[in-house]
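In the two complexes below, chain A is the common chain; its partner is chain B in one and chain C in the other.
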Partner chain A sequence: MNYTKQIQDIAAKLFAEGKIDVFVGYRLNGFDDNHVPVLITDPQDVSKLVFTDKSVFNLVNYLKTDHTRRKRVGLVVKGCDSRSLNLMLTENQVKRENLYVVGICCEGVVDDAGQKMQNCAECVVPDAVVSDELLGTPSGQKPYTVNVDIAALAAKPLTERTAYFEEVFENCIRCNACRHSCPLCYCAKCCIDQETATLYNGANTTSAAFHALMTWSLHLAGRCVDCRNCEKACPSHLPLHLLHKQNESVIYENFQEHLAGVIPEDRGAFYKYSLKDPDDFIM
Partner chain B sequence: MSVETFVTDKAGLVKFYEAIMAGHETYAPVEKFGKFDFKQVKSLSACDPESPIAKTQSIKPLFFPRSAKVMKYVATSAGTDVSEVDEDPLAVNRVIIGAKHCDARALQVLDKVYNWDYIDTDYQKRRENTVIISTRCDKADTHCFCTSLDYDVENMNAMDILVVNGSDGKIYIKSRTEKGSKLLNSDVTRHASRVPEAAAAPELKKQYDSFAASFRLKMDYKEVNAKLSKIFDTPEFDSVSGNCVSCNTCAFVCPTCHCFKISDEKVRDTGVRYKSYDSCNNGYFTLMAGGHNPRPAKYRRWRQRAMHKFVYYKERFGENLCVGCGKCTIACPVNISIFEVVNQVAEGNRQ
Partner chain C sequence: METEVKDQLVSIEKPELVAPPNWEPVIMGILCNWCSYAGSDLTGTSRIQYPPNIRIIRVPCSSRVDPWFLIKSLQTTADGVLVSGCHPGDCHYISGNYFARRRFLVTKKLLNFVGFHENRIQFSWVSAAEGPKFAKVVNKVTEDIKKLGPLHLYKKENFDKK
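Let's look at the complex of A and B:
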């Protein structure tokens, strides 16, 4: 998977036609073959752009920063990224007319060590679902499978699961990097940061970490697209995907096989009402 | 100060660490989820003093905890009763093994700010009661640049005891402070043989030279510092901080960042007040009660971070706040390197 040339050409063309103010893509980090995101405003820098299977970070995150707000933006999205972009559009966070989206038919990306990422192995929607231009050959939607780690955890007794998650929350250092790197955490003031919120007080205690991470994961239930930006950001290497994938599998099972952001204009599972929704938990 | 030097081998070093663990409260890198953090350990099998630098958190939380209780309070109809917190678990006599040189140096830098203006007695107590044993790295990691900064990595006395892997499997243990000498003169070194300081010097030098030659990142510190101090208003800060996602994890893993916030954990009328980490990259970090924010834009916060590390602290305390450990770059989800940032900004001014 290498679309470096095509993306450079598209960006150069967009700048030449005056269609965009900034192009969000990837560049080489300067010392090995890993990539870092880059925001290009000068057409001369277009040659820095690259795209290979090392282009991991979900760039939709940058649509919430000052560098792109109220500007015309060119953006590269893979399958999962495009789903989060879909949600950003549905939730009125960005205007479609301000975006020029280069969609990728993704064949899966690899981590720093060169291993194929777990979310790519389980990817359901590899092709970009929002795009002005689609690069690569679409391979179509794949069957949904329950995450292997979730399945393995589900097989364990409750006491073991509790102990495991206690360890996760214990090792959280409350830096909130997971939240900031999430493309869908765009609240101007997060509830976790409320000075008066006693549940999420800034302290690095296991209970505060538990409340903060659980609230965060529930706010993303039915919205998380499994791009793993949060895990990439976590300095303690916590398996944060477990929180999201558990929600995802429950929602997929109970809400008519709902997958976040796959269908344009489709609001999250919790934002719409359907007669088929389960109601047996209501007395 | 008397310098004690010992030589031993791999097995002797294990016995040395085990002897320390038997007689002292010991902290060492413990692995969890592929990342090492310093925790109290009882046996050598539970930890790895040789943990890779790229995967090890700093020892700062043992002196400036991620969350420390400041006080407890109970609100009653007659007023609020404030009480002292329980005894500080970090203020007891203890030994840290497996600390990295940069982490040890970071504490030396932090001492300046903790001894200035307000004296933080908790921090002082933790420092006084701790013996730091640091193993010199054999090879620099991708993002390391400690040798490019303003301190002498080879001869500094930031650690109390230095451990160096010499050639032919020989391991040298050398004291660098009075505290270190005292510990080495106890029976923990019974499996090592004492050698004169001069006899070990060539081996130590040789190891340092090969270590110093392994750095990918090198810069002229004086030049960068001089240039940065003159360019507060450069637009370069905007371009270098463009892809920052303001996640703040750099500050949380940094061995020298020392900003904190105060928050309360309340249950009805009782509560505990905590002092926890905060970061100048947080948008609300400088937000004032009236709503004014002197650093509303990301580049201003980045400028503060870079300039505080490389200019302001140096001006005020004579030390560079960044110790070149590369932890922020490793933790950064988009791999922004502080080394790259300061060099690019300094460079940009030249044109």
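Let's look at the complex of A and C:
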């Protein structure tokens, strides 16, 4: 998977036609062959752009910043990124007419060790669902599988799960990088921060981390697209996908919903209901 | 499961921690204004006894209950939470409890996944005419949580002392 040449050509063409003010893509980080996001405003810098299977980050996150707000933006999206873009469009955070979207038919990206990432191995929608221009050959939707980590943990007894997650929450340093790296966490004022104003909950304790991460994951339930930007950004390497995938699997199995962001104008599982929803857990 | 006779009550999530003598659970009851709160009122005016462990909070509708409320309750004082609303189809706001029902299931499963016993988070539908049912529900929830022992997970005050 190498679309470097095509993306450079597209960006140069868009700048020449005056269609965009800024192009969001990837460049080499300057130390090794890993990629970092780059915002290009000068047409001469177009040659910096690259795209290979090392382009792991979700660029939709950069539509939240002042560099791209109220500007015409060119953007590269993979399958999962395009789903989050779909949700951003549905929730009126960005305007479609201001965007030029280069969709990729993704074959999976790799982590630092060169292994295919877990979410790519389990990917259901590898092709971009929103695009003005599609690169690669579409391979269609794949069947949904429950995350292997979720299945392994759910089979364990309660006390083991308790101990496991206590360690997870204990290692959180409350830097909020997960929140900043998430394209769907765009609230100007977060409800978790209002808690931190009370002196105590701002403290870096296991209790505060539990409160923050659980609230965060439940506010993203039915919207998370499993791009794993949060996990890539986490300095403590917490398995944040566990919380999101758990919610996703419950929603997928119980409500017969399709995955978040696949269908345009669909706001996610919590914005609708069915009379046939499971009721057996309620007295 | 086999019933094991224990001398001391232990926390089910952390079996090494023993409950203090005469321990009583604190249960957060979040009730919808139109059905369950009126139902609990009827229980009282009908002179039906129910355990005093429940602390009731009134909300406009069960869909007002953000999952955050449950997390916050479990993190501060509560050993368990009971959320109660109108029966499906009876919602004062027409469809509020249908939306709430989806959220409740996901919240319950997630809290269970990270290590809370599933009986710590309970839900019920109680209408304004079901005074006896409300007493029965509170009895059952209190009994369930008494069996589980005190909740020691992620409590604020445990970290306050350090």
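FYI, the second predicted complex is superposed on the first by the 266 of 283 C-alpha atoms of A that agree within 3 Å, B and C clash if a C-alpha of one lies under 4 Å from a C-alpha of the other, contacts with A are read in each partner's own complex, and residues count from 1 in each chain.
As a working rule, a contact is a pair of C-beta atoms (placed from the backbone, for glycine too) under 8 Å apart; a residue touches a chain by one contact, two chains touch by 3 or more.
For clarity, every value in this text was computed on a predicted model and none was experimentally measured.
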Exercise. Looking at the combined model built on chain A, do chain B and chain C fit side by side or clash?
Worked result: fit
Exercise. So, does A:155 touch the first partner chain B, the second partner chain C, both, or neither?
Worked result: neither
For this session: Mind working out whether A:275 is in touch with chain B, chain C, both or neither, as first, second, both or neither?
Result: second
Exercise. In the superposed arrangement, does A:57 touch chain B (first), chain C (second), both or neither?
Worked result: first
For this session: For A:113, decide between first (touching chain B), second (touching chain C), both and neither.
Result: neither
Problem set entry | Angular separation of chain B and chain C about chain A, which is computed from CA centres of the superposed model and rounded to the nearest 10 ° | 90
For this session: Mind working out whether A:206 is in touch with chain B, chain C, both or neither, as first, second, both or neither?
Result: second
For this session: Classify the contacts of A:218 with the two partner chains as first (chain B alone), second (chain C alone), both, or neither.
Result: second
Exercise. Touching A:174, do we find chain B (first), chain C (second), both, or neither?
Worked result: first
Exercise. Smallest separation in Å between any Cα of chain B and any Cα of chain C in the superposed model?
Worked result: 6
Exercise. Once the complexes are superposed, what residues of chain A are shared between the chain B interface and the chain C interface?
Worked result: 201, 203, 205, 207-208
Exercise. Within the complex, which stretch of chain C touches chain A?
Worked result: 12-15, 67-68, 71-72, 75, 88, 95, 98-99, 101-111, 113-117, 122-125, 137, 140, 153-156, 158-160
For this session: Could you please specify the touching residues of chain A with respect to chain B in the complex?
Result: 29-32, 34, 36-39, 57, 61-62, 65-67, 167-168, 171, 173-181, 189, 193, 195, 198, 201-205, 207-208, 229, 232-239
Exercise. Hey, which residues of chain B end up touching chain A in the complex?
Worked result: 32-35, 37, 57, 65-67, 142, 216, 242-243, 245-249, 251-253, 261, 263-267, 272, 274, 276-279, 284, 297-298, 331, 333-336, 340
Seminar exercise, completed: In their shared complex, chain C is touched by residues of chain A numbered 150, 153-154, 158-159, 161-166, 169, 191, 200-201, 203, 205-208, 210-211, 214-215, 217-219, 221-222, 242-243, 246-247, 250-251, 254-255, 269-270, 273-275, 277-279, 281-283
